[in-house]
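The following blocks contain the structures, represented as structure tokens.
Next come two complexes built around subunit A: one with subunit B, the other with subunit C.
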Partner chain A sequence: MLSVTGLKKQYGQFRAVDDVSFELHPGDIMGFIGSNGAGKTTTIKMLATLLEPTHGSASLDGVPLDPNQIEVRKQIGYMPDFFGLYEDIRVWEYLDMFASLYGVPHSERQTVIGEVLELTDLTFKRDAMAQSLSRGMQQRLCLARCLVHDPKLLLLDEPASGLDPRARAELKKLITQLGEMGKIVIVSSHILPELADFSTVVGIIEKGQMLAFGKVEDVVRGLEVQKMISVHVLDRANEASMFLHGKEHVTETNLVGSEQLRFGFTGTPQDQAELLRAMVSAGFQVMEYREETANLEDVFMKVTKGALN
Partner chain B sequence: MSSWWGRQKATYFGNATAIKEYRVQLRSTKSAWMLFLYVGILVLVALTSYAAIAGRSGDGSVSMAGFQQSLSGFYFAVLGIITTAILALAPVLAASPIVAEYDRRSMEIVLATPITPKYFLLGKYLGACRQLILLLFLSLPITAVGVAFGGSTWQEFLEQYLSFFLQGALAMAIATIVAVSTKKVATTVFVTYANLFAISMIGSITGITAFFGPSTPTPSGAQIGPFYGLLLPYSGALTVGSVTLVNSIEVPNWIFAIILAALGVKLCLLGAGSVLSKDGAVEIKSLRLHGVVSLAVLSSLFGFLLAPTILGPMTAGIGGSGGPPIAPSGIFFTLAFPMAAAVFFCVSTTSCFGLIDERKTREDGLFNLRRTFTGRPSSGLPYLLVLALAGSIPLWVVWGLYARGDWVVAVIHSVWFFVAVAFYWSCARLLSCGFLTAEAAKKSFTGILALLAFLVPAGLGVLDAAMISWIGSNWVPWSIRYPMIPGVELDLETMKIIVLAILTVGLTYLGERIKRSKRERLGVI
Partner chain C sequence: MSRLKDQFLNSPVLYDLRRGIQKASPRNWQPIQAVVIVLVALGLMLLAYSFFVNVSLVDATVPTAVILPILTLVIPTILHATFAGEWQARSLNSLMVAPLTTQQLVVAKVLRALLPFVLITALLILVTFGAQGIQELMQFNRAIEEPVRTWRDVLILAPMAVLASLTYTLMLVGVTALVSSYCKTTSAALLGTLGVLIIGLLILPIVVGVFEGNSQILAIAHPFGQLPTLLASLDDTGFQSFVPFRETWMSFFGTWLVWAVIGCGALVATHARMSNLRQSGIED
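== the complex of A and B ==
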């Protein structure tokens, strides 16, 4: 279990991370969301033991993540938001070097390298030069590097930035697989759709403060994001909008096109069904009447003010 | 014990960074071109020298007599070019892989693994050493020709190659610490050359003086030379085969050269490791302790080994009948100079933090004896004084032995040296408070040191020969010579040292005022 308590990083008066606390369990994949400069990378670097917190602490299965106790790094896989690959080095040599740095015994290294290459679908590139790989493959190689020592905690900082849609999809699949393997994965990003698909837990940070944390559904529910209903009518969308305007529980109406409109709704499901009946009774030919699911983007926009540190 | 051995084995023989360097360093076309160029230049110089010394006449015939006489010249010409090539390439070999780590940002990834900065830097250093050995091997066929035809003996030949390796290894170690600090290859090469030049100058001054002493030939007829001679670029070849007398025992100087080079390399690598380490880390404490011990060792070697070479046996006594022909003060200035230079060299690295960078080190005041080995701002002055003390004690003892037990004079006069150290520390503090970054403060301090220590005294000396002695005794680093002069007029000297102490306090106070007002203006605490 990863336990983070009151983590704080301060440079003079500037608070890069301010009192961040959370807990994650094996198998959790945490989407760590925040604008550029919100404090994601600083938090991740403190968890990777690269930065010493000003206050607070973090522990993995009870072992403190202390920069002065470097042995704990054997339980952590850290992938920054850049590749940092060497020139003139083969894929297997690169992994062999990191396996050695992480203390994997010489006799086990070839087996481990074979396994991580298979997991990241790079077996056929084993003898290729690392620099000759495509961007997506290089990203997978970096992930393979983080896995050679079989860590319990994976810290992935902006892993999908700069990848094409296919590479991004492959990466999502791989991260989901790592969660299923029982690893704790923290994935930071400011691109919300890429996190929405696989995150089981979400943490939203702004100005160094964790504004929301929990399971995605709980966060959405807990923040009481306004329910939006989308209506598709055969004609007279403008009149339908006027009809809805002023009705009980309807907060705002927006025309999306000549046949479609959206409106905010605060009532119960019964009230929602009653409103549909009223529309039909008023002669509107309703083709579609559905509640839009609140997503991470809605949550993010609601809880943050867009302010940077 | 077994786990300690396992760690050492993993660090020195199974070092993953070194293995990676071994694998990749000869793959690039750049490396191939470098080796090709190196061998090409060596062959070209060898052929040119050969043609010149072989005494070819106009019709192309060769004078064998002339050839034999000039063979030694050919040998030394080749040695000169190898020295140049090694010293030109060594800093680049050491700095390039480190700077490349910064450029591609892979340093952070490597340091996120469970290894120490020492492990990482040692790997890089071992990789560079392997290339250095390769360069030396490639030159073997050319130099071996000189030996095979009688230009030198095989023993001298081996000692010469050891000298090449130690000089290259020292240059690479200096380049490592500079590369870690500056993150630029060109700057690293330039600063390394400047350091090598300074070492050569200091070494030559002390070494040349040593030869002026009343040394007698050893019973075996071996040449007595400065014990560090093999480490000096270019003049190293002249001290090949020389020995140092230690209690009438002839100790080959290559043994001292290995010890000194190992100390120097260790200090440089520890220094580089401490740059990469966090505030108060074990590496910083280790570096500082090693610094104190190394300076004491260096000072002892200079005092106990060179003084008898120059002044004769210690029991003779200075000023007594049959005393040495050279003024003892000058000799002691010579002996103390490397030690004093080392202390002044450390002023900027221990005391220049910069306004912004200082807050990252959790600034903790101006002086704290308990934090002497932590690397924090309050440790600057205590550490410099501890260094000065460690370097001075062996010289006090040597002085005492020559001056028939009059150690007190040396101790009292050394106070001046300590005040001079404090004065330069206050200059460094003032700059540290005036500039935002450590780099800017350090550069400015180096400039001021050069100005105060060399340019001002030299300029004043040109105007008035008497003035340099008055000015110089107070603030130039070589004021260390005064503590060793017996019979100096204490009243005048005491007054001058009081002025320097007042200046020290004033500059320190001014620095703190500047720091406070600048921080208020910039809005940082």
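== the complex of A and C ==
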């Protein structure tokens, strides 16, 4: 279990991370969300033992994540937001080097390298020069490097940045697999819909403070984000919009096109059904009437103020 | 056996040395390495030339005089990217989270200098002992009356030459690693290291010599300064007559001790720099 308690990082008067606390269990994939400068990377670096916290602590299965604790690093896989590969090294040599650094016995290395290459779908590039790989492959190689010592905790800082849609989809699949393998995964990203696809837990940080943390559905429910209802009519969408405007529980209406509109709704499901009946009675030919589920983006926009640290 | 192998041959501390050996392959040579290799080859040709022209000149001090400038070029070329290269390639963070102590990290990085040191010192020993052996052979064939030095002289001079080579290498390693730990690009690290060496080995001794008007200071301050002093102190009667020159001995060892202290000090400072980076974080 990863336990983070009152983590703070202060540079002079500036608080990069302010009293962050949370707990994660094996198999949890945490989507770590925040604007640029919100404190995501600083938090991840402290968990990776790259930065010493000013206050607070973090531990993995009871072992402190302290820069002076060398052994605990064998349980951590850290993928920085910006990373580089050596110019003159082959894919397998790169993994072999890090396996050696993490104390993987020589006799086991080739097997381990084969396994992580297979997991990251890079077996066919085993003998290629690391720098000749595409950006997506380099990203996967970096992830393979993080896995070569079979860590319990994976810290992935913006792993999808700069990837094309196919590479992103592959990465999502891989991260889901890692969660299923029982690893604790923390993934920071700006691309919220992506995080929503595989995160089991979400943490929203702004100005160094954790504004929301918990299971994705709990966070969405807990924040009581306003319901949005999407209506598709055969025609007269403009008139339908005017019809809805001023009705009880309807907060705002937006025309999406000539046949579609959206509106905010604060009533109960019964009120929602009653409103549909009223629309049909008024002669509107309703093709579709559905509640849009709030997503991470809605939650993020509601929780944060867009303030930079 | 495999456990022993993992502890030593496959030790994480040796990973950079292993990479260094891999990189030494000619297919991986960079232009700057090619230039240094050409210069080293020229140095060795010079040594060979002196050997064939007058074999009696080749004792332990002569190869040392050739080898020290070679080391001055080779060590910074090999080690300047030690930390700066990692920084430039944005791979330093990945390395810093590895389960290595800062001491291991620094030692692992500077161990790459072991390879050129061992090769160059081996060359020094080979030339010194080879020349002595040839002189002994020539004496046996009555081609010369007697060798310039006795075996005992050579057996004492050769370790001194190795000591000189070792302490000088240590100084170069320390200075190069320290400069590299402060630079974010390899070119800045190389220029910085060469700049420090030019100031320390050329400009500073000259300035000190001019202001002090004392050639002894210049001799002590300069790594090669002791070699002419040492040669001048040796006369035809061999090593026996050299022993009473206590002052020469003291200044000789004093100089190399100074370089060893500078080297160790620079490595300690490099360690402090990397520890500080580990605690305060690395800017990308």
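Brief remarks follow.
Following the convention adopted for this analysis, the second predicted complex is superposed on the first by the 309 of 309 C-alpha atoms of A that agree within 3 Å, B and C clash if a C-alpha of one lies under 4 Å from a C-alpha of the other, contacts with A are read in each partner's own complex, and residues count from 1 in each chain.
Just so it is clear, contacts are C-beta pairs under 8 Å (C-beta built on N, C-alpha and C of every residue); 3 or more make two chains touch, one makes a residue touch a chain.
Treat the numbers as computed from the prediction; the structure is a model and nothing was measured.
Superimposing the complexes on subunit A yields a three-chain arrangement in which subunit B and subunit C clash. Applying the stated contact rule after C-alpha superposition, one finds that A:Gly103 touches each of subunit B and subunit C.
Touch criterion not met for A:Tyr289: it reaches neither subunit B nor subunit C. In the superposed pair of complexes, A:Phe82 makes contact with subunit B and with subunit C alike. Note: residues 48-50, 52, 67, 70-71, 73-74, 76, 78, 80, 82, 84-89, 93, 97-98, 100-103, 106, 145 of subunit A belong to the subunit B contact set and to the subunit C contact set alike, using the contact criterion stated above.
Listed in rising order, the residues of subunit C touching subunit A in the complex are 2, 5-6, 10, 12, 15, 19, 22-23, 28, 88-91, 93-101, 278-282, 284. Across the complex, subunit A meets subunit C through its residues 42, 45, 48-52, 67, 70-71, 73-74, 76, 78, 80-89, 93, 97-98, 100-103, 105-107, 142, 145. Across the complex, subunit B meets subunit A through its residues 14, 16-17, 19-20, 23-24, 27-28, 104-106, 108-116, 278, 281, 359-360, 523-525.
Taken in their complex, subunit A has these residues touching subunit B: 11-13, 48-50, 52, 67-68, 70-74, 76, 78, 80, 82, 84-89, 93, 97-98, 100-103, 106, 145.
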